[in-house]
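The structure appears below as structure tokens.
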Amino acid sequence: MAAKKLQIALYWGAACGGCDVAVLDTNEFILDVAAVADVRFWPIAVDGKYADVEAMADGELDLALFDGAVRNSENEHVAKLLRAKSKVLVAFGSCAHMGGIPGLANLVTKDEILATAYLANASIEPGSQTIPHARSNVDGMTLEIPTFYRRVYRLSDVVDVDYFVPGCPPAPDQVKAVLLAVVKGELPQRGSVVGASERAVCDDCKRTKSEKKVRSFHRPFEVIQDSSKCLLEQGILCMGSATRSGCGVRCPNSNQGCRGCYGPLAGVSDQGAKFLSALASIVDSKDPKEIEQILDGLPDFTSFAYRFGLPASTLQRSYR
Amino acid sequence: MSFEPKIVGFLCNWCSYTGADLAGTSRIQYPPNIRVIRVMCSARIEPEFVLRALAAGADGVLICGCHPGDCHYSEGNYKAMRRYPLLKTLLKDYGVDDDRVRLEWVSASEGQRFADIVIDMTERVRALGPLRIKTDLQADAVER
Amino acid sequence: MAIRVNPKLINELETYGAADVQNCYHCGNCSATCPFSKEPFVIPRRSMRHLQMGLEAKLKGTLEPWLCYYCGECSQQCPRGAEPGETMMSLRRWLTSRYDLTGVARLFYRSWKAELVALILVSLATMTAFLVMGFGIGHGSLGVYAGAGALFPDHLVHLLDLGLAALLASVLLTNAFRMWWFTTGSNRNLHISLWLYVKNVFLLPYHFLTQARYRQCEKKLPWLNHLAIFLSWVTMEVLVIVLLERLHSAETDWAVHAFGYLATIGLLGGTAYALLGRARKSETHYKHTHPTDLMFLILIAGAALTGIVQHASYRWLGLDSVANIAYLIHMMFVIPLLAVQIPFSKLSHLAYRPLAMYLAAVHADALTSRQAGAAETEPVRLAA
Amino acid sequence: MEEIKIGVFICNCGTNIAHHVDLDAVLEAAAAMPGVAVARSYRYMCSNPGQEMIARDIREQQLNRVVVAACSPRMHEKTFRGACRNGGLNPYLCEMANIREQCSWVHSDRLAATEKAKALTSAAIRRVWHHEPLESLTAEMCPATLVIGGGIAGLTAALELADAAHQVYLVERTAALGGNLARVDLTAPHLDSARDLLTERFTRVGENPWITLMLNSELQSLAGYVGNFAAVVRTKSDDDTVQERKIDVGNVVVATGYKEFNADRITHYGHGKLPNVVTSFEFEQMLRKGRIETRDGRLPQYVAIIHCVGSRNKEFHGYCSRVCCMTALKYAHELKSANPACYVSDIYVDMHAFGKGHEDFYKHTSEVKTLFLMFDKNERPVIRMADPSDDCEMLIEVNETLSRERIEIPADLVILMVGMEARADSGEVARLVNISQDKDGWFMESHPKLDPVATTTDGIYIAGTCAAPKDIPDTVAQARAAAARILGKIAKGKIEIDGVFAEVRDDRCSGCRMCNELCPYSAIEFHLDTKRSQVIPAACKACGACVAACPSGAIKGRHFTMEQLHAQIDGVLA
């Protein structure tokens, strides 16, 4: 009897869909997957409904890949649903793993977001400023939409997560590796990060590293780079040293500083704070005023440090 | 009963910790709100420790080191001097009031200065009221 | 304008008695102990400094050496043994030689033998002059001391006194004028109104007669001794010049002779004390004795001694011829004293000291009035 | 993971702690915490019975952690670590809570003080949970020593070490030994000849088998740490062939001396333009030739000596070069003895006659009729040619302080007492042996009063004028001090490296080299082949800078790990 096919499901919470595309980017490999697995639920790709998932027995799914952060009640509902229904739930991609780009919203309050979107927006005709509510009645019918949470959560904030696959999006060959590992059942200990290296991007980055002493910071377009030399040493912000490798050094190889999407290394609990500690230490000045001047070359450091992981940071959100 | 802030103090062993001990031997009284953690050098204090203290319920964090030029390891305090402004911009974005996290140079002979800093900081943080990050995070887990 | 430093001056001053001046490193102990070192004068350190640096123009224009009465405190205090007291003494000698127009004073100070020779020549000249005059012209006889036929008649002596007085007045006055010119006249940044000169003129006789300044030294004995010698010498001069006839009157005119005896005691006692002090170096200011100091004391003592011998032999013993001889020897001491010592050597200080006191007060007034003009400060009066 | 059994010992310190802290409450709170096997309160923990109590409890209760809530760790950490060692427990498994200097002595409110004592004790208990046993390392001490600089300092140090039968490599950049002292004729204040001082040492260096003399040589590189330095010395032989030699040494004595201030930098003095304005070293050459004369061969009648050329003023160097005053007096003597008719003017700022016999020397110089003229250090004499009518060649104009007159001083020859300056390349030497320099470029000693010949880098010693201007007695004293310190270490044979240092986890380091530059002691080496950084335990001082800055958390700060500090943070806030 042919081995029973693998029952897998994919879902996207507060996401851009990039992670789903990344799964497709494994090109023909997806056909091998299809050969051994039934995709039972993948809203972006196949036509499956929530009801179908609710109808499943608990643990019926062998693998669920959840990408995207938890921004509203629907995301949480599906997350809990998939948790119940699947043996292995994977937080797939930066949003699920650390809150991702949507996570930056935690720097502002819910009211400021709604005002920006629905009130103070140039494209809104005056007089028709309406803010969507969880329950509203239209033409005599009550209309329910998911409630917009006051902050963004990581997947692991709402459900137990078996594995984390970092990356925005995870590199196709990493996706392939994860899927193969699942197929072959060679998964490491629960709760660990898979589909990434245990060393920082610098380990795989070809640029030569030497004296780390920075006297000024620049945007990439402001300087003529030496493509053989470490970017940070040229004053271009690159978080490669504080970020797991595994992405194939995509950004530094294209002359852009790493932005840290693969998340922190094992020994680090707060990626942004750790990078801050490292970066500030190599500022080459002993005079407080001069230091402040050099650091002014970083216009919005918080957003850079926690671009993909504000909800995963120690303070998780703003307390204004 | 007025609000009693909890302040975590990271003191470097050679200068500020010794200064704090001197305040002790000289019996200089200061508020008990500060709880001191000893590190060998202010260069060992990671910004993440400050964030962790705030997240664990501290209402204020005081970082102390040797005066520039006095560092037992000759350049340790310059690292603290460099990390502090960047940490302050981070805290501003997180909405943590400026007076809650502070960097002060205290030499081994400045027992009085250490006490004055603790008195001043306790008053300022008491005026700001509780920081409530810990309670807010606990609330986040429940109310959405 | 910068003043030229002349390192050679110090050698010149050594011939005037200065010693170890170069050892001074200006700790200022001397000026701290000197009772006279008050604004605007810095005694003795400023002069020590100008001497070390060879600022001849400055030294010539200073009054400070004359404001020092050699109490010797500074020399005792000096950690480097630079003998500031003796240096000021040598500066007074040097200034005396500078004030003397003729340059004879400079010769005498530079070589004391020259002065000794001059003294001897003058005394021999006096002897011959008196003998020629006594026997040759006046036809007096050895045996007659006073009255008609006296070997040395009074009217001749008066003539001699007047001549001497004229010589002294001319020399002393010119030198005093030069002193004024060097210290005050040529000093451009001192603007002294006539009134200031008049206001302080009483200081001249006051200091001349009392040496009031000397009294401010801690030890009073040196002042008393000096005053005794000085007043005795003045009384003796007055008696000889003005009351000569009464001196020689037959009867002992106690109203006059009492003074004579007192003055003699003063002179003999004073000089004896000074000579003994210098021999035993008992006081700091007796430690260094310049030959001119010795000659000066010997002349006075000699004059006083012969004076009393001449008086006693005539008045008490009636030995006219002995009196005449004594008188002759007395003259051989007095004339050199007056003709050489006063204008060209130590005794000229009898003019310079009071003048210095007077000018110092004038300077002080001029400076304070300028400062007063500049800032309302209480005028500082030099202790009169 | 063995089961954690913690012994908590709370000290009353007589009444010092008991007075303001309710110790029973603290004891009770501590006893209730997880992992606490035994909790005791005692009057004097640091007393012998107190320490024996700890050792006994460790043995009897098989304790593997100890917390002592008492005075400041700066006071008795060593004592209680000793007590643990006596009990057979690794001393680093002990943690103190400072409930005296930073609690009972400074808080009078008993309730608040007790709360704080509880928090501090709970922090210590949570921290000690994560402590790990640490062993101090030992390293061999190579008995050979490298001495850089062949001047009086280097020679003295080398001989002191060689006489104790230890190998010395004496490296001298020029072709001859003697350094600056060899350029001098006589020395102040006793006017004994510099040559006598040096020749005795040259012969002994030449004959001593333990000294390897390397002239025309320079240190090329120095790697390793105290007891285990690998030095590369480059020697230039006459036909310009360069030969490199690798030598292993245990310690280094830096005795590179000083450079005299370049007088041309002060235009007022006209050095280089006016022929008869010479520096002190140029005058020494005249003395060594035995003929004091102006450039055109005349015997100078007036000689002026100007002090503090380049020293003690805002524009050039603020410090005093210490030796020029006595050297100037020496010149006054030599001038007067050579030509008694010569008039010497000594133009100075202050007369620094601080050493033995200096004051008498100063007094004696006055006695030979030297004219001393004082000027203010921030104002400077101006030298100009005199008119032909004057009896001197030059005139020096200055405001003389003692007389407050503006004077001009006649001079046929002017000697400029040039001060001392750090050598131009002292920066390279400092970087080579990894020591730091003060703002004037002099090498920095470990402690200005208590440790003047050592530096913050173990095994690197400094002696003589390279550390600061000083005269020959001080230089020789420092050279012998450095040698004595080294002999002490050699005699011990081994160097003990404290167990607390940073350690790079090879499985986590990604070769980003962020840490390499942060270490003031260059205790982190980057291996190009494996692309990994590594800490040299002996050189590491455990400041923790690299631990905090390592972006991938790959450097573990032994005894101050992230887990220990996190536990302590949570503990103080519990």
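For reference, chains read A, B, C and D in written order, and residue numbers begin at 1 within each chain.
Following the convention adopted for this analysis, a contact is a pair of C-beta atoms (placed from the backbone, for glycine too) under 8 Å apart; a residue touches a chain by one contact, two chains touch by 3 or more.
What you see is a predicted model; the values in this text were computed from it and never measured.
K.L.:
Please indicate the chain closest to the centre of the assembly, with centres calculated from CA atoms only.
P.N.:
That would be D.
K.L.:
State the pair with the higher C-beta contact count; candidates are A-B and A-D.
P.N.:
Here the pair linked by more C-beta pairs in contact is A-B.
K.L.:
Could you find the chain whose CA centre sits the greatest distance from that of chain C?
P.N.:
Farthest chain from chain C, going by C-alpha centroids: A.
K.L.:
I'd like to verify one number: the distance from the centre of chain A to the centre of chain B, where each centre is the average of its C-alpha atoms, in whole angstrom.
P.N.:
33
K.L.:
Calculate how many whole Å lie between the centre of chain A and the centre of chain D, each centre taken as the average of the chain's C-alpha atoms.
P.N.:
From the centre of chain A to the centre of chain D is 52 Å.
K.L.:
Quick one: report the Å distance separating chain C from chain D, using the average Cα coordinate of each chain.
P.N.:
Result: the chain centres lie 69 Å from each other.
K.L.:
What's the distance between the Cα centroids of chain A and chain C, rounded to whole Å?
P.N.:
112
K.L.:
Give the residues of chain C that touch two or more other chains, as numbers and ranges in rising order.
P.N.:
none
K.L.:
Which parts of chain D, given as residue numbers and ranges, touch two or more other chains?
P.N.:
Those would be 518, 545, 548-549, 562, 566.
K.L.:
By the touch rule stated above, which residues of chain A touch at least two different other chains?
P.N.:
269, 274, 277, 281
K.L.:
Judged by the touch rule stated earlier, which pairs of chains are there in contact?
P.N.:
Listed by label, chains in contact pair as A-B, A-D, B-D, C-D.
K.L.:
Quick one: in the complex, what on chain D touches chain C?
P.N.:
By the definition above, chain D touches chain C via 302, 343, 345, 351, 362-363, 366-367, 369-374, 395, 397, 400, 402-403, 405-410.
K.L.:
Can you list the chain D residues touching chain A in their complex?
P.N.:
Where chain D meets chain A, its residues are 505, 507-514, 516-518, 531, 545, 548-554, 562, 566.
K.L.:
Write out the stretch or stretches of chain D touching chain B in their complex.
P.N.:
Chain D residues touching chain B: 72-75, 98, 100-103, 105-109, 112-113, 115-116, 119-120, 123, 436, 444, 456, 500, 518, 520-521, 541-545, 547-549, 557, 560, 562, 565-566, 568-570, 572-573.
K.L.:
Can you name the residues of chain B that touch chain D in the complex?
P.N.:
Counting only chain B, the residues touching chain D are 4, 6, 8, 13, 17-18, 20-21, 23-25, 27-32, 35-41, 43-46, 49, 52-53, 56-58, 72-76, 79, 115.
K.L.:
How about chain B: which of its residues touch chain A in the complex?
P.N.:
43, 46-48, 51-52, 54-55, 68, 75, 78-79, 81-83, 85-87, 89-90, 93-96, 131-133, 136-137, 140-141, 144
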